[in-house]
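Before any comments, here is the structure.
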């Protein structure tokens, strides 16, 4: 938890927060309205409402067990894969409630990509890993696959490192490279939103810094929603920040600058300054 | 502003083909999974149905459609207490006691070989053997377990009976024939040693070292630790291995028929030929048996008894295994 | 180990050496000797078994002059001077091919259903518990089941296909259990990654889960086949021939098989047949050895791949 203390010092002395937040121009892509999620008897999310802007980085922070990952997984309905999980309320993607009966979660996931906590490349070649989404989505015949793989790897800042070894296994890469490969895999089918669940927590600081740079670049083309327990990271890379606290409650959601400099809620201030959580 | 945005189509219409495949696959896979259950049901139905033909002169389905009615053909009391088994001869005799006895005596005799030797081997492997010895001994036992039963049958005919049992017989002044109960004990006992030793060893390995150390700290010797600490602690796992070996011995067919023979008789003489239930089934395969005849149906009556015996053993084994896992996991 | 600690304690001082442990030591030594003797029993039996087989095989060469080319090239015969193993080998190959097809399809499908699709309910638990039960049914009982259902019930007769079905019923639980383990060993992160990329469940299974589970499934299948290729009793029950004088050419031909032929040669009283049986056993054991080698090779290769995954 020493990172939180460091964060606190760092933020309070030299404010690193991204100031330009273009709030007026951004459309809402994902919006939650009174979203409740239960795991069996246990309530994991409680009345969460939030509007997440397009082509911005939105960070979700909070202590562990606060429901931040649950919220992320409810956006692309990965929660469906847990049999005990039940969802109430509304979660709109471009205005459409994704929990409507006529929504196929697979179709939803084809428009919302996800990157996981620990890198999980398939034991296939680098090329096949990146092409995977395009192939299962039936887009492989309609596009120039080589070109799309190259584009995705370039966007994931991995192309220069792997362009000569596209046929070698994705598992032969280092941890940081594997995570960028997973990012390339997620963006290759060109989704609108990319969900990231603590994507740097399993990586060393150098590899983590590369991913952070990459995330800021990705926001030019994609809406990025990132769960992190590293407040420093949230402050550095996000435009908006949502703070979840225990009990699955979204306590405050605002521009990152506001959250870190002048939060409305006392509990958020306590959490940011390390007094809580 | 949001009204300008067209709601996305997430109905997955383009996925319709994939989803249909998904559903079809799930149905096929479920169908395959249920085949294993259907096999069990078929076992019960086929065995009971044909056994009904044997005991009551009519198949269950024939009675159900009103074509036939049950009439006693072989009485259960004759079957379970009669001492002459010759359903194929005329006049036929349907006392299954000799072949049930044959199976029991072979199973018990084999257990007297496999249980002490298997348990001792397991103790040696688990408590005494150096890693190098262990790594050499274990594959040898695996080979013993992997050899087809027919090879043990050959071993009985060409070595155990003429040389081992023959030598023992001449000590007592008995000339041993082609088959003997004792050859069955040795062969079936030997082939079930690996089941006892490997499963018992697993059970012993699962006993926490704290228990051993506690006893050593009190001044116990290795012998005392092995017998008073490890054996009792691993008991239910060890018993499970015994039951498994017994179940295997009951169902053993090729080796036992080539070792113990084809003569159904109630005898306790280890040098004489006997017949197990499985050997009876093999003996029918050697002749020509008309479908629906008494001897054809006797096959299923005997098979049913065999099935019930091994099923019981397996259920006990299952119970013991679960009890052992509850203690140590 | 125990002797070490005791020897150590003797050196420490008078008061400790005063304790008379000689009877304890004697008991320990007797016990240890008993364990070693018992452990050697299996090894000794194995040595005798192999020595016996080779001895009989050599007798076949020297006393009866059974040429290997004749042995491998001739079909079965009532006269020992003409009898060969060829039709039995061909029948065994047919049986193996059909059995492989059955158990691979059934085994993988059942395991996939149980791991990937089955809801956690009573039906599923029943199917899983039933597997253990099926594995304990004696092989001869599977023989009469197929005799009643397929040979006579479906009117197929005593043909290779019926034999293969009996062998499949016998060994498919082995494949299912091995496949379940192999499929469960695929990390959930792989399934999540695939689902998040927009794959349907079947796409995930076919493209991600199965490729990773295949080595484990193959190992289990080979072990199951090794069990099947040596089985005799179920084939006798479905009506395998003791002496096949013709070479089977398809799934609907009557058949013998390597173990059935070995059984018959062992059963017959003439000594020359026993020698033939020994030669047949050598062939059978070589086949089993080769299968084991393939299984070990796959397992080794697979273990190396797994160590790569463990980042």
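Every chain is named by a letter (A, B and C) in the order it is written, and numbering of its residues begins at 1.
The criterion applied here is as follows: a contact is a pair of C-beta atoms (placed from the backbone, for glycine too) under 8 Å apart; a residue touches a chain by one contact, two chains touch by 3 or more.
Just so we're clear, the structure is a prediction, and the values are computed from it rather than from any experiment.
Most remote from subunit C, judged by the distance between CA-atom centroids, is A. Note on interfaces B-C and A-B: more C-beta pairs are in contact across B-C. Per-chain CA centroids place subunit A at a distance of 50 Å from subunit C. With centres defined as mean CA coordinates, subunit C is found 15 Å away from subunit B. Taking the mean of the C-alpha atoms as each chain's centre, subunit A and subunit B sit 56 Å apart.
Contacts with at least two other chains are made by residues 15, 18-19 of subunit B. Among all residues of subunit C, those that touch two or more other chains are 200, 203.
Among all residues of subunit A, those that touch two or more other chains are 106-107. Looking at the complex, you find that subunit B touches subunit A at residues 1-2, 5-12, 14-15, 18-19. Put simply, subunit C touches subunit A in their complex at residues 119-120, 187, 189-200, 203, 207-208, 211-212, 305, 308-309, 311. Across the complex, subunit B is touched by residues 27-28, 93-96, 98, 102-104, 106-108, 111, 138 of subunit A.
Those residues of subunit B that touch subunit C in the shared complex are 15, 18-19, 21-22, 25-26, 28-37, 39-40, 42-43, 46-47, 50, 116-117, 120-121, 123-125, 128-129, 137, 140-141, 143-144, 146-155, 157-159, 178, 190, 193-194, 197, 216, 221-223, 226-227, 244, 247, 250-254, 258, 278, 281-282, 285-286, 291, 299-300, 303, 306-307, 310-311, 313-315, 317-318.
Those residues of subunit C whose C-beta lies close enough to touch subunit B in the complex are 1-2, 5-6, 24, 27-28, 31-32, 34-36, 38-39, 41-43, 45-46, 48-49, 52-53, 56, 105-106, 109-110, 112-114, 117-118, 126-127, 129-134, 136-141, 143-145, 147-149, 152, 169, 172-173, 176, 200-203, 205, 226, 229-233, 236-237, 239, 242, 259, 262-263, 266-267, 269, 274, 277-278, 281, 284-285, 288, 292.
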